[in-house]
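Each structure below appears as structure tokens.
Okay, so chain A shows up in both of these, paired with chain B first and chain C after.
Moving on to the complex of A and B:
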């Protein structure tokens, strides 16, 4: 039986990984649940954001978090353009998967062309900061990721639930023609939402650059787990990916600590299958 | 049999390739094309045809890979002997998965995709942590491959060719069969398909087993082809995604679509990424995807996705309805109740339907008329009571068995299968009715009912092209085509113009002349008075009156139910 400190450290690292799952899943769940677009390009955008953060920090000497002031608005525009294209051709949900796959491959090629296929690691003063709290090590980059993930998820949840804008977005997602009949400009809302999702990809990218080594091939490594987390959390629910991500992250980390590391995925996915079989109503 | 001849010719030409003395590279490249053709086509058998999207095709592919890896690599079985196992293991795993998942009604769409994706991770973890793989991978380089061609790559080429042609042949056969029609109906509207007689559970299970078995077979061959298998390479979400992309690019609603997509993607990837501009090549692949899907949303073969139109031919002789005596009860409903979370929709309904009659079922909105039809047709299961149809208890039967017993229904809001043509819609019930017909006979039968409802001019159109009155008549034709002995019509007249209504009334009479017993729910009182031999009135889920139309309509209880009682 591992020591208490080791277990505590495992749970903590699971929470940090889970926060990143949640952050990556946020934009995906919103576009899937509210716009019926399964956006594979999101993964590539996250990595493009991470590389841009890396570049701006390394070359221009910017603070990694400040780079978002440049990257997020640019991504927002890209997200709106993507939605404009998908809406112009009224692409079906299945086909959005294919079209955005195309974008994913193109962005990956772009990354590889500019930054090569080698691993890149961002060196910042954030990486040196870590605290020891009650026997547990808390690195600053991971803590920032957790805080940002929680703040964004709660913020989006509050906006969707309480603001007029959010209510209009949910109404438009449920029944666009009826929402339009009640004066909701659902086309503009969808553009805004798509832009927002892409901006969230920029945020996730910055967090990824802070704590992870980057390589273009890594884009695909995230798809399986993040997709599972998004679907587990309930499509369109901004808190869902974060909560599901934390469950998956912690259960993986605990399995790693208690048994062989390689058994880790079994727990989270068996859990997922069990929930699906016995509580399917929870997902509707 | 023109397609068969074409098929045999293509096979013969392709089979000659290894004997031409080409460099091994070409054989290996074509092997990869066949490999992806099998994977994409097998995925499409379940996911494209029935609409149950699997994200976990790699799980079953991997089960095949490791079946062969363990048997040939670790236990020393001859390669070819392992292949039946490589097909059987994933097929059984698929059946086990389906037997659980297909019973849970809510596990459709994204949730089915999710559970298959999760299953892939579970399989991968098990393989990684048990002697199946154990971590280091399995080396299969020492496995002997039967030398059926001058070179080893040629042998793999031939084995994969046989499997690819076989898979395409299966896809073709399923596409044109009753089975395929049933799967397409499940894709469009599973509940209606079941009510029309399609055994949806068994069909989904069969499609899943077939799909998994073929993927496993491809896996068993591929493991030995690559000669070294690892968990990470085998169980990859990337592979599952690739297969979906290939199928969608080629067209999921065409039997050859996934094969075309697989060949196109494999060729494209090779052509663009092996040159010195590999990175630009990959970007070009991405761009091609975007452009093709935007401008050809149904895939490359999408525009050809409609099945061959069979010659119209002579209508088959009418099926003789069993000439029961008029007047005896054909359906006896006793004390049937049904509630939805506290709303008591049916509270002990009693009624009798007599053979050969037209029974009007009336009552105010929310009185339980449609629920009663839904319970009798098996769409909902009753909470209590008995439903005896010709002496047989229906209340625990699945809907498709009820349909086969000779009961048909229409939906108040027409629910045609949107992606099947009008003719295919009407030809579906006879394929799954009391007398099972093949597609050719069923279509002949369908033509008869299209003429009967004056829809023959629209036979090859999609239901979306019809107006409301035509859609209602399509509902009617579809219900009639199964030659039911008992027919439920749920508000077929509402929303029709007076002229259309006259035509509909004439049709209903003609249906009865052919020997069917009819129960119709209607709010249009003129039609009730003209058509019904007897009337049953429901209020709050109970029968409050039955008898001749004129008498029942004068019943104070009935007047009260419709207009309210005076509280003076």
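Moving on to the complex of A and C:
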């Protein structure tokens, strides 16, 4: 019989990793659902953000969270430029997959050229802080990731649901010509949204650097599970990846705690298939 | 006068280059290989690239092979065995290289071995973790590992920890399902049982696992005296991170092939054990060739941006592979694949790691090899076992 500490700590671990899945999936779900762009380059941007956080922290002595003041705006501009390029050549949704895969490979090569293929590990005071609450350990970097993921998902959800800007974005995604007839500037909104998605990649990168050792090749390790989380959560729904991420993260963690850890990767895809089977209308 | 100056200017490079040209004549010896320069095995690939470059540069300075310059043709297999197979085909059929050298990692080496067999090429390789699968008669491992590594390596570790002030009685074996690591870890289970160590936990995870929290919790719950971690690359550091987060420090911990740089920087890795074939201290550095290699590798590694430029297992097994080729070519005065293979089967090569031999089953040796156990002491990796290879004054630190 597994101990309370083992179960509790595993669930907590699943919650934390699930929050990271959600954070990684936030920009992806928005660009896929609202811009009709399947942006594989998002994963490479996350890692580029992580490496920039590492660099600014190691070389310039900046606090990892403060690096976002530099990295996020830069990524925002990059995101807008990327969308401008895709729009200029009228790249179809399926082709965005291919084009952004190219971006991903280019960014991976850039990362490897600058930081080499070897592992990079960010040393910060955040890594040493953890609290013991009721027999369970709560590490600060993971807690920060969870809080940031929840705050961003709720914030974006509120903006999309209640603000005029958000309503216009949703309207443009639903039917651009009709939205334009009502005065919605679809092109500007798309640029803004693409910039936001890239900025979210920067945030996810900082959280990744806080709790993980980095290597360029690891970009690919996250794609499968984050795609599953995004699809489970519903395209364009900012709360979806977080909720699905938590479900997948906790399921994976419990699988590792109670059965063979090697079965954990099956969990996310089994859940995805189950959802596709039982809710087939959702992705039409 | 001007004409004389022009003629002198044109002739100067020829005279400057003459001693070099005299030493190296004829077409270059073209040696082809792939390495995992990108993908999940890119970190060890980067180390082996630098080690190879250092060797080839030095070799050419010394006159090359058979008086001919050596041209090393390197392709990126992206850590993909399927691509490695295609690239080796290209190297043999399109690039028409004279010799091929092995890539990094068991799966890619197995792919290259298939191509080598098809074209009757000798294949030297340095990181093949499942010797029983190496059935091609012209393949030679230069890693210094035994044929029966699943017995020899666990016994090496268990002998080392038995020398600790308080030897372990219980063991947790946790391993990646990366083929060779899992194979050796399963061997460790058998050997632990034979030595009377009680197994309190056995776990496997998929290569590329992202969350080590639950595994760390299970290890903590099992309370082992010793953890055997069948991990390569960053997995060991990730597990250590996860254990730190739950305030757990294992009494004794062994990691099969950790990324040495990041491990060194992890405070929780203190007293961690790992395999090695070479470390930067005597008796290894007493070999002048090794000392030269270390100096050159530090310089080239820094230029290549490697975060850790220490010479250890990965760099030394690669360097020894090239040393083996050079020794065989010089001894036979030939680059013919069959001639080289015949010579290697009957002879030994003294590499910077120690003596390499191939006179056992499937060109391996059995029952013993040149592997050692190192420990992270005061932020430095030092060999602690066998005792005759231990760093001066170093002893295994136990609980």
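Please note the rule applied: the second predicted complex is superposed on the first by the 278 of 284 C-alpha atoms of A that agree within 3 Å, B and C clash if a C-alpha of one lies under 4 Å from a C-alpha of the other, contacts with A are read in each partner's own complex, and residues count from 1 in each chain.
Going forward, a residue touches a chain if its C-beta (ideal position, glycine included) is under 8 Å from a C-beta of that chain, and two chains touch if they have at least 3 such contacts.
These numbers were taken from a predicted model, which means no experiment stands behind them.
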{"item": "Contacts of A:260 with chain B and chain C, given as first, second, both or neither", "value": "both"}
{"item": "Which superposed partner A:252 touches (first chain B, second chain C, both, neither)", "value": "second"}
{"item": "Touched partner set for A:176, first chain B, second chain C, both or neither", "value": "neither"}
{"item": "Chain B versus chain C as contact partner of A:16, first or second or both or neither", "value": "second"}
{"item": "Contacts of A:110 with chain B and chain C, given as first, second, both or neither", "value": "first"}
{"item": "Chain B versus chain C as contact partner of A:95, first or second or both or neither", "value": "first"}
{"item": "Which of chain B and chain C A:272 touches, first, second, both or neither", "value": "first"}
{"item": "Residues of chain A contacting chain B in one complex and chain C in the other", "value": "108-109, 112, 220, 260, 262, 264-265"}
{"item": "Residues of chain C defined as touching chain A within the complex", "value": "37-43, 45-47, 79, 177, 203-206, 208-211, 213-215, 217-218, 220-221, 233-234, 237-238, 241-242, 245-247, 259, 261-262, 265-266, 304-308"}
{"item": "Residue ranges of chain A in contact with chain C within the complex", "value": "2-3, 5-6, 9-10, 12-14, 16-17, 108-109, 112, 115-121, 123, 130, 132, 137, 139, 142, 211-213, 215-218, 220-222, 225, 249, 252-254, 256-257, 260-262, 264-265"}
{"item": "Parts of chain B lying in touch with chain A, wherever the complex brings them together", "value": "53, 55, 100-101, 104-107, 110-111, 113-115, 117-122, 124-126, 128-129, 135, 237-238, 241, 244-245, 248-249, 279-280, 282-283, 285-290, 293-294, 297"}
{"item": "Chain B-facing residues of chain A, complex", "value": "40, 85, 89, 91-92, 94-95, 97-99, 101-106, 108-110, 112-113, 220, 223-224, 227-228, 231-232, 235, 260, 262-266, 269-270, 272-273, 276-277, 280-281, 283-284"}
